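All chains are identified by letter, namely A, B and C, in their written order; residue positions are counted from 1 within each chain.
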Amino acid sequence: MAVSGAVLVFFLVAHMAGNLKIFAGAESFNGYAAWLREVGYPLLPHRGLLTLLEAGLVVAIAAHMYSAIVLARRAAHARPVKYAAKVRSRADGYATRTMRWGGVIIFFFVIYHLLDMTFGVANPEGHAATPFDRMVAGFEPARWYITVFYVISVVMVGLHLRHGLWSALQTLGLARRHPVLKAGATGLSALLTIGFLVVPLAITFGVVR
Amino acid sequence: MNYREGEPIKDTKAPEGPIEDRWEKRKFSARLVNPANKRKINVIVVGTGLAGGSAAATLGELGYKVKSFCYQDSPRRAHSIAAQGGINAAKNYRGDGDSIYRLFYDTVKGGDFRARESNVYRLAQVSVNIIDQAVAQGVPFAREYGGLLDTRSFGGAQVSRTFYARGQTGQQLLLGAYSALERQIAAGTVEMHTRHEMLELIVSDGRARGVVVRDMVTGEVETHLADAVVLATGGYGNVFFLSTNAKGCNTTAIWRAHQKGAMFANPCYTQIHPTCIPVSGEYQSKLTLMSESLRNDGRVWVPLHKGDQRPAGEIPEDERDYYLERIYPAFGNLVPRDIASRAAKNVCDEGRGVGPGGLGVYLDFADAIARLGREAVEKKYGNLFEMYERITGEDPYTQPMRIYPAVHYTMGGLWVDYDLQSSIPGLFVIGEANFSDHGANRLGASALMQGLADGYFVLPTTIGDYLADAHRFDAIDDQQVAEAEIAVKNRIEKLLSVNGTRTADSFHRELGKLMWDYCGMERTEEGLRKALERIPELRAEFWRDVKVSGVNEELNQALERAGRVADFFDLAELMCLDALHRTESCGGHFRAESQDADGEALRDDEHFAYVAAWESTPDGPVLHKEDLQYEYVKMTQRSYK
Amino acid sequence: MNLTLKVWRQSGPDDDGRLVRYEIEDVSPDMSFLEMLDVLNERLILAGDDPVAFDHDCREGICGMCSMMIDGVAHGPQKNTTTCQLHMRHYKDGDTIVIEPWRARPFPVVKDLVVDRSAFDRIIQAGGFISVPAGSAPDAHATPVPKLDADAAFDAATCIGCGACVAACPNGSASLFTAAKITHLGLLPQGQPERGSRARAMVEQMDEEGFGGCTNTGECTAVCPKGIPLDTIARMNADYLRASRKSG
């Protein structure tokens, strides 16, 4: 769980950094997208590294979901009889509520997101457009509802990470010795959330066009 | 109830010679069992408190085949877990003049010269090893900044020899013993039987050879056989119904053994603790102890005038009676437990008690808060104050605590010799269940010490001497086993079939009240005779009118309780008889007829310097006296004025 | 005050069990929760009914025997308080209280509110000790222990083994209980030689008993009557991972 989660976190950090290039203009952003596809060439084939990355991502997501399911099943096995009274959370129940359902929501978001950005199926500009155009078109002011959907999803991701990052440190036994890490986990998830959010918002509100 | 006097007894196992050498001598003279034979020797240990837990673990380590029993769902829950204050040991880590000899001296004197010198000296010697053992097991005793163990002074001792683990010393020591026990269970040397209650002792050919237990989950009555039986079943303070003991504490195991021939020594010696939270109503199920350390800063008082109903805060200073400071100017609020308890009873009897039913006195921290500041008081007693507030709903920072004495510990128990063997060969008794080391009054922080001394160090040596003969024991008589089992079944059957109109608890409450009134803090001939008249009546009513619901073949807590209450009746009677016959006051036993002009306890060494060991016979109790001789500590009257 | 109780009644492990409703009158605010049940039981016994079976012993919050899920909260509404120390002044006239046993596969119901917690003992058997036979210990002052370590070890050592952590954990995990012991012994110099093997053996036993995995939801520490802190779990994980890496 912690390991697959960590891989996903690294991806997100990189992804956010990439997305922020949008502020540097279309050239730069498209260049970055292209560079992603060419990096390592000719050592690696065209799209080599990207494919590798994608494969890694798929594995991580699969592993992550697999461990989430295993944990949930173990939990169900460990408590075959439910309580009759509604169980009242004493630890504010935040983690329990966000992790499982939040995870599933994120999953659906990612599928839509891929259709939208990567395959362009759900994007007004379609597959042929440059990434920059796709992006700008995706979040144009008229499509504010898409932006809202992204915002909600990204906040979801942030919440997932806020607990997830700390939880991973705890699981790896690190949180104890480095209290700074704990604060860092919250800080990083906040940073990621904001970093992701500015892009669609900027487009919708016309800062980037 | 009439009794007869029998042959005097003598403890023949204590070696002669200088007191410092006796335990060493006994250890050396005790025969050893060869390791190959140990594996074939079975020992039953009933009870998993400090005494039983440590004994079973140690016997397992030595290679015996051990079976251990307790009535709780885990050995870790034995009543020892509740001890708060600490454990004494003559380590003299402070260099404040403590020594084995001084601990020995304090214990003999504190016990009001009714304990054996040899036993007490050994206890003081072994105390040193207990701390080493516990620390090695990982018991997190309080430490100082230098990393060394901290100690405090306790219960009026003038040296600082009490080791403690915050307010949970008993818990931490018990968890140490428990972990050692679990280690042996994993190693296969100890077989653990939780939720099993011992209901009978099996005696064959004059030796203790097993126990009959009831599986408290299925109701199955089982017999377990062995080469020796160790009882470590704790004290019997619950005869009073209300006490600081855990709800399940009972006398059944030792009482059954008594009826099978083991002598019961000094049953009337009970310790009443002065600082407990008072009873709040009829439904009260137990009393909670507040650490004695509170008396270091709290001032005890009651209204000067009878029937003063004003809230504490409205009673002006000159209408308060700080009675301990008034009567005992030298010791003030720090007089020993028995004296503080009796003084509280006296002022309440005068009608000056406070709180519900007028059974309480104030323990006031207003002065301490004014002098030290609230913060300092909070630091020292915060968790105790919290506990008080949780239970009473009152805030002790703004209104004085109410306290009242409660039954806390029983010094009496089965008679044992220096080897901790009872008058039935092969039956060993350790911990609070025996009578051995505290005389007529136990010092604070000495029960934990005794339980662990018995379990880790004394019993494992002395039982070996007995078991060296195990291969020569006769085969166990099946007849005896069958009879014991049938007796248990009949008794259960009888309890279930009465089908009367009162619950066992209601009888227990009534018995407890009777005992508290007549055999409690102050005893009189008249009261004891009244009790001795009433107890048999009550017992008869019980067997005629008790209602126990359900069946045997299930977890049946009503049945468990009824069985325990039934035994308490019999024990209560013996306690009153013992108290009646001892017409002196000593330690925890105060006879109103035996006091000096100031109302202080008056001992009668000429007539009563003996252990009263009672034998149960078909014609009633027989008293055997064991004379106590003091070669090292001179007998003196205690004075705290 | 008058209350309505809905109590889980189950005659044995094979019975399905159900909530049964009882009305109880004249409850005093000074009663403890268990005394309130005593009153109910006295009434049931006299009526020839089966009294409600529940575990309890010390009634002062230290033995860890009492164990009730009260309105969906392990040990009831008061923080850092066992069921036996909960008093009725926290309720008001007319309240309905639902009382259930701990729920976890490794804690099968024995009867009514009584469950079998022997899985905890087996976790301790796996390694929750320091191997030191009686009589073999060096002088207690031979190894000084820094006060802060001793205090932290103590905080973890106060666990009473009640099982509320398991009862409250959405995953039915016994991590807090196990971690408390691993932390207690792992912080002391005496506990070092067996530190790795202890952590491994105890964690493996915990899994074997069928407890769920920890996802760090923190419900356990919130209901723990002794407030065992969550970083004990991090410590357990660290010890466990280190030991697993070492021996592969």
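The rule is short, and it goes like this: a residue touches a chain if its C-beta (ideal position, glycine included) is under 8 Å from a C-beta of that chain, and two chains touch if they have at least 3 such contacts.
Since the structure is predicted, the reported quantities are computational estimates derived from the model, not experimental observations.
Judged by the touch criterion defined above, the protein chains link up one after another in an open path, with no loop closing it. Chain C has the C-alpha centroid lying closest to the overall centroid of all protein C-alpha atoms shown. Most remote chain with respect to subunit C, judged by CA-atom centres, is A.
Subunit B and subunit C have centres, each the mean of its CA atoms, that are 27 Å apart. For the pair subunit A and subunit C, the distance between mean C-alpha positions equals 38 Å.
Between the Cα centres of subunit A and subunit B there is a gap of 64 Å.
Multi-chain contact residues of subunit A (touching two or more other chains) are absent.
Every residue of subunit C that touches subunit B in the complex is listed here, in rising order: 11-12, 28-32, 34-36, 38-39, 41-42, 44-46, 48-51, 53, 55-65, 78, 81, 85, 87, 89, 110-111, 114, 116-118, 120-121, 124-126, 128-141, 143-147, 150-151, 153-154, 157-158, 160-161, 184-185, 188, 190-191. If you check the complex, the residues on subunit C that touch subunit A are 6, 8, 19, 69, 71-73, 79, 98, 100, 103-106, 168, 170-173, 210-219, 221-223, 230-231, 233-242. Against subunit C, in their complex, subunit B makes its touches with residues 54, 57-58, 61, 72-77, 79, 81-82, 91, 93, 129, 131-138, 140-149, 165-166, 168, 171-172, 175, 178-180, 182-183, 185-186, 192, 194, 217, 246-248, 280-281, 283-286, 288-289, 387, 390-393, 456-457, 460, 501-503, 505-506, 547-550, 554-555, 557-558. Touching subunit C in their complex are the following residues of subunit A: 1, 70-71, 74-75, 77-91, 93, 95-96, 99, 163, 166-167, 169-177.
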